[in-house]
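Per-chain numbering from 1; labels A, B, C and D assigned in written order.
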Amino acid sequence: MADAYPKTPMLDELEKGKWPSFVTEIKMAAADNPMGKDLLGLLERSYREKIGHWKHGGIVGVMGYGGGVIGRYNDLPDEYPNISHFHTMRINQPAGWFYTTEALRKICDIWEKHGSGLTNMHGSTGDIILLGTTTDELEPTFDELQKINFDIGGSGSDVRTPSCCCGQARCEWACYDTMGACYDFTMAYQDELHRPAFPYKFKFKFSGCPNDCVASIARSDMSIIGMWRDDIQMDKDAIKEYADGGMDIKADVVDNCPAKCMDWNGKELTIENSYCRHCMHCINVMPKALAPGKDRGATILLGAKAPIVEGALLSSVIIPFIKMEPPYQEIKDLTERIWDVWCEEGKNRERVGEFIQRVGLGNFLEAIEVEPIPEMVAHPRENPYVFYEEYFEEDDGSED
Amino acid sequence: MADAYPKTPMLDELEKGKWPSFVTEIKMAAADNPMGKDLLGLLERSYREKIGHWKHGGIVGVMGYGGGVIGRYNDLPDEYPNISHFHTMRINQPAGWFYTTEALRKICDIWEKHGSGLTNMHGSTGDIILLGTTTDELEPTFDELQKINFDIGGSGSDVRTPSCCCGQARCEWACYDTMGACYDFTMAYQDELHRPAFPYKFKFKFSGCPNDCVASIARSDMSIIGMWRDDIQMDKDAIKEYADGGMDIKADVVDNCPAKCMDWNGKELTIENSYCRHCMHCINVMPKALAPGKDRGATILLGAKAPIVEGALLSSVIIPFIKMEPPYQEIKDLTERIWDVWCEEGKNRERVGEFIQRVGLGNFLEAIEVEPIPEMVAHPRENPYVFYEEYFEEDDGSED
Amino acid sequence: MADAVHERRTDYGPPHHDQFLPPIIKENYGKWKYHEVLKPGVMVHVSHSGAKLFTVRAASGRLTSIQKIRMYCDLADKYCDGYLRFTSRHNVEFLMDKQENIEPLIADLKEMGHPIGGIGNSISAIVHTQGWIHCHSAATDASGVVKATMDELIEYFENMILPGKLRIALACCLNMCGAVHCSDIAILGIHRRPPKIMHDKVKKMCEIPNVSASCPTAAVRPATVDGFESVEIIEEQCMFCANCFTVCPAMPIADPLNDGISIWLGGKVSNARHEPMFSKLAIPFLPNNPPRWPEVTSAIKNIVELWAANANKYERMGEWIERIGWPKFFKMSGIEFQKEHVDDFKHAGLTYKRSTHITF
Amino acid sequence: MADAVHERRTDYGPPHHDQFLPPIIKENYGKWKYHEVLKPGVMVHVSHSGAKLFTVRAASGRLTSIQKIRMYCDLADKYCDGYLRFTSRHNVEFLMDKQENIEPLIADLKEMGHPIGGIGNSISAIVHTQGWIHCHSAATDASGVVKATMDELIEYFENMILPGKLRIALACCLNMCGAVHCSDIAILGIHRRPPKIMHDKVKKMCEIPNVSASCPTAAVRPATVDGFESVEIIEEQCMFCANCFTVCPAMPIADPLNDGISIWLGGKVSNARHEPMFSKLAIPFLPNNPPRWPEVTSAIKNIVELWAANANKYERMGEWIERIGWPKFFKMSGIEFQKEHVDDFKHAGLTYKRSTHITF
């Protein structure tokens, strides 16, 4: 079988070493599939020439959907005809990336029949990426996906496939049901996910606590991060066990608290909870002894994105604390008000974060009908260029 | 005498209370001087009406000088004729604001004869402010000042009157002779100080150590701040005395060290000097035990200013360490290269800090022929928008 | 068999996750009490009910064939009652309630070529993107650089011998699909030459006003060249972001002579201790040197080891550098500081050193 | 007697300070070993030679009559061999080598109405500006507000009962001659109404292009009004900085109904512990209420006392607030948070809260 592959001396180097080799994966797929063989050939060529061979994608897709397929053509179709089309399908993953082997096998079967047999498990937004097929195979693939209830994910100027950490499924720190919320929002916004109608993309990510294991604060337009607002739960015996077990509680825990709100007198750990910043560090270090409080919910933040065009952004706080209970109506109402304003006034290719930067947080808040509160800023303004909105006129006692 | 003053019921309220009263000062001057009386009247009126009564200044001055006098006229000259002109003269203070009573009395005598008898000791740039005289009195005043060797200070787009902390005259922490350097620079740049020829003002301030007692990092275009680069000097016995005296060295000193480079084991204090940030805190708290090292000089920083127009700036590092020895030629050469570039390319009313912000520090450094070093930045860039300056062409092996 | 006349559905969304959760998770959903890392790549979560869930995390190259997925399925059937999951960094996790299955599973995984690790104070898989496998925008490959780098760092994946977590991400162009902007170490593909303009195609393929508008530095201007309505680029204003190319395919920017990789440091995402931080430029340019990018892998290894040897416990890369200061970092690492390091974009002034907090 | 024909000199510079230094300073210049604060407002500097220099610091209103200067001179002659100095915050300092002179000097100073203090962990004199005494640009008075405030805070000048130094500065307009932008507490005069344009005078008094260019928000545009070549202001774009007025006297901005004071907190200059910081807006507007500005003085007193009661030792205002977070500060102080607090100038985005480091 090996001689069926094109010669790939450079790629072969990447089959050495301990980390799983993507070259080996391609070869595994190539064994049964001509697409894989051409991909090996084209990639080897890229390695030799130090340049990619993919052209700007055209618009291809599946009937009734405005996104979810990334069109791709190579620039040497005569030499690599099996991948002259090589489109990617983004398939909405199940929340938390949990699978039964049965479901996975069905996906494999479909992709064996209709595509390259290559995937990304998963794409960096979270989708199952079915990597490489022809225009003709798109509809048939979707047809089969329907039967196993896997739907298409987002691409283009729409809601992108939401993702979440495993949360309450496996983590003791989850302050809300991330998987439940992720599923709920995904279902609620099917239309927005599948039919691009925004100025640009809009991503939701759900993390169960401030450790933020789906990097939502860096990578989503709306970041929903688990939070508690009462006292950290403490198990004194467990603290003693850690101390007896040799943990240097002063150095490892107390001195690393960014709020400087902990104290360890050698016997007892105290936390001045009203100063706690909810950073998670102490809980991370002593999972048996400390836990988030019982009054749990989430912090909602807005606006993260990669640098293009106005520079990278992190999300910033819009709601410091909200209870997370289905159907999450308050958050959805807020989201929709945000979309309305952004769709109305946002520029083409302007992410919501950039939009806020351009119009100013104060004006944005007014437009979405949210009161400004100090939790939204790291600190108040430093420059004195304040747009006071009213002034007194000589003739009246009232403000203008 | 009291009935010679105008009625000032509001101002009189400000003669109450423990803090020295400027109203009392004005009254003291007014006793012998009609300017003071009119000033009381006009000021009382401002208090009543909640608005100032001074007009935009005209250009007045002293022959041969392009600055140093702030012209001022009131907008009610018929009612307050004695202060219809009320110009201010800025007189270059002696370095460190040290005086003999003899010198001060001579100034008082001149101002009694030629002005309002009111002063600011001192203005916030550092000058002796002779507050209020008429156009006719400017030349005669200067004539008398010449005789006692007091010269005029800066105003307008020139070098402003440099100032300095008392440094080695009274402070154990001064890492160089601030007063000597301040005098030297003032003398070297007399022409630039007296004849505005820059895009805007340029201020020098000299502080002997990072405590920065003349606020140079916030208030001067060039900040020269004392610095050492060897180890902090330690007197172990004195440390012991502090400890025995009840100082909590861990809490007060070690825990406040921003570099986290100190350790106190209950007996001995150790400093990992190569991590020390030269913040002064430990030295400030234990002046008998710790002192700046012996290899002393200064850090040079550039660009502080108040907010108008582009927002306030703090100075930033241009030379992390330089020995401070007269005639400070290297610093003067640098200064003059900066002026050349700024005069050539700076916009009208653009301070040097704003200029650097506009052209970019990298380009600015190239223009003034200084190599970029990491000490100049808090951190390297976060955005990937790098202007790589060369690229390879196909036909040559060399960079473009 | 595909039924040609079944009703065509849309917008039914992903399958609900409930059906994919193993019974022990369903029973203990939201009831976990604490976890312990048992050894590299293996942890146990203990429920308030006393139930114990064991997780084995195996490395994945992310680009996965259906053959490999089926092999995972075989293992999950054998040891985990047919359940498995993937992580947010694309590793594969096997979940089970039977502790005795851990060792045989690990043995099988290793046999298959999948190292176990990435949990705790270790380096996990590199979040990355498409590169020359699938994207038109790439300035470097993704999977190859990742493979070469992880081979070099494998001991830190398989062990927990680091001061804290270390997260690496790669993006093959400034679009940063790998969201590398907040990583401890970011590997970023970069162009360094302005786009070449296919003047005969611009007007046909692109909207000229959109193209001009796309450039963050206004370097692209409408112009007539050789009789074609097209655009021109003021080269000194170009910083190679490729945004014009994203909008207009007639302006290709990829260039074998000048494309390469930059290395960025000190970002983080979690709120643990320090607030989230952006990564900062450490090495402005390293050449594309396939297949194993030795300049890149050795630069990264040096940085990892410098951090490992000098950081305090729990101190992420960025926290460590913030404590010691960047000048010290440049000194210790031997990386040369250049003009490129100095920011000159919008907020550049705020990155200047506005204090005397200097080390010598 | 003025000699009419003496040679007219220029550029001779200030007198050299050497002639103004007391002998003990000349002898010990650069040889000081340490200092001790003996009591509020009194310190001793000890030389390596063993010599001791005593300093008594007295409050000054800065605006000083020649009569007062002569009184200072009398005291300096009596106790200090004819030497004295002023500080960078405009206090007056009496320097002497005779410890026994301290108490009589203090008695005389107090008698004259000059409190002793400002050294160590105290509030020193307020750096300030001209206000209605001399400047055309003022939105409030300077000396009056300062006097009223210091009367209120006098116990903190005369004692050392604070956690650290507290520096207050006042500027009567956004030009910020008092460089209030880095003060623990900044009192800033503000306008809140766009300039009124004297259309008949603009063309005569000002260069119209310069006037337009002067506006940071491009609110000023050339326009013909009532037949005059003049300018107009787009009111919604005006943030009352007065820069157009600085350039053009025909656009007065001062307005009794709307001028007032804003309060800013948490700046510092020294490098001690924390790097220098800008002050941040705490109270957007308080009315001008002469002669004693009670709203201003009581707001400041409350803030000082809140800080004094809650900060750790050595913690400056800004360091304290940074530790507890601004939301907490607003809660504790009872100051209302408003839209005005939210930055909307150039770097506004960097002031948004980009983490979950939140307190409840």
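To be clear about the criterion, a contact is a pair of C-beta atoms (placed from the backbone, for glycine too) under 8 Å apart; a residue touches a chain by one contact, two chains touch by 3 or more.
A quick note: this is a predicted structure, and the numbers were derived from the prediction, not measured.
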Between B-D and A-D, the pair joined by more C-beta contacts: B-D
Separation of subunit C from subunit D, taking each centre as the mean of its C-alpha atoms, in whole Å: 49
Whole-Å gap between the CA centroids of subunit A and subunit C: 13
Touching two or more other chains - residues of subunit C: 174, 176, 181, 216, 241, 255, 271, 275-276, 278, 345-347, 350, 354-357
Sites on subunit A at which at least two other chains make contact: 210, 212, 217, 258, 277-279, 307, 311-312, 314, 382-385
Touch-based graph of the chains, sorted into line, ring, star, complete or other: complete
Contact set on subunit A toward subunit B in their complex: 307, 311-312, 382-385
Subunit C-touching residues of subunit B, taken from the complex the two chains share: 210, 212, 217, 225, 227, 229-230, 258-260, 274-279, 299, 301, 313-317, 320-321, 356-357, 360-363, 365-366, 372-389, 391-394
Complex interface listing, subunit C residues touching subunit A: 2, 6, 8-17, 19-21, 25, 29-30, 32-36, 45, 53, 55, 59-70, 72-74, 76-77, 82-88, 90, 92, 95, 113-115, 127-129, 131-136, 138, 141, 143-144, 146-148, 150-151, 154, 157, 171, 174-179, 181-182, 210, 214, 216, 241, 243, 246, 249, 254-256, 259, 267, 269-276, 278, 288, 290-292, 313-314, 345-347
Residue ranges of subunit C in contact with subunit B within the complex: 174, 176, 181, 188, 190, 192-193, 216-217, 236, 238-241, 255, 257-258, 262, 264, 266, 278-282, 284-285, 321, 323-330, 337-346, 348-360
Sites on subunit C touched by subunit D in the complex: 271, 275-276, 346-347, 350, 354-357
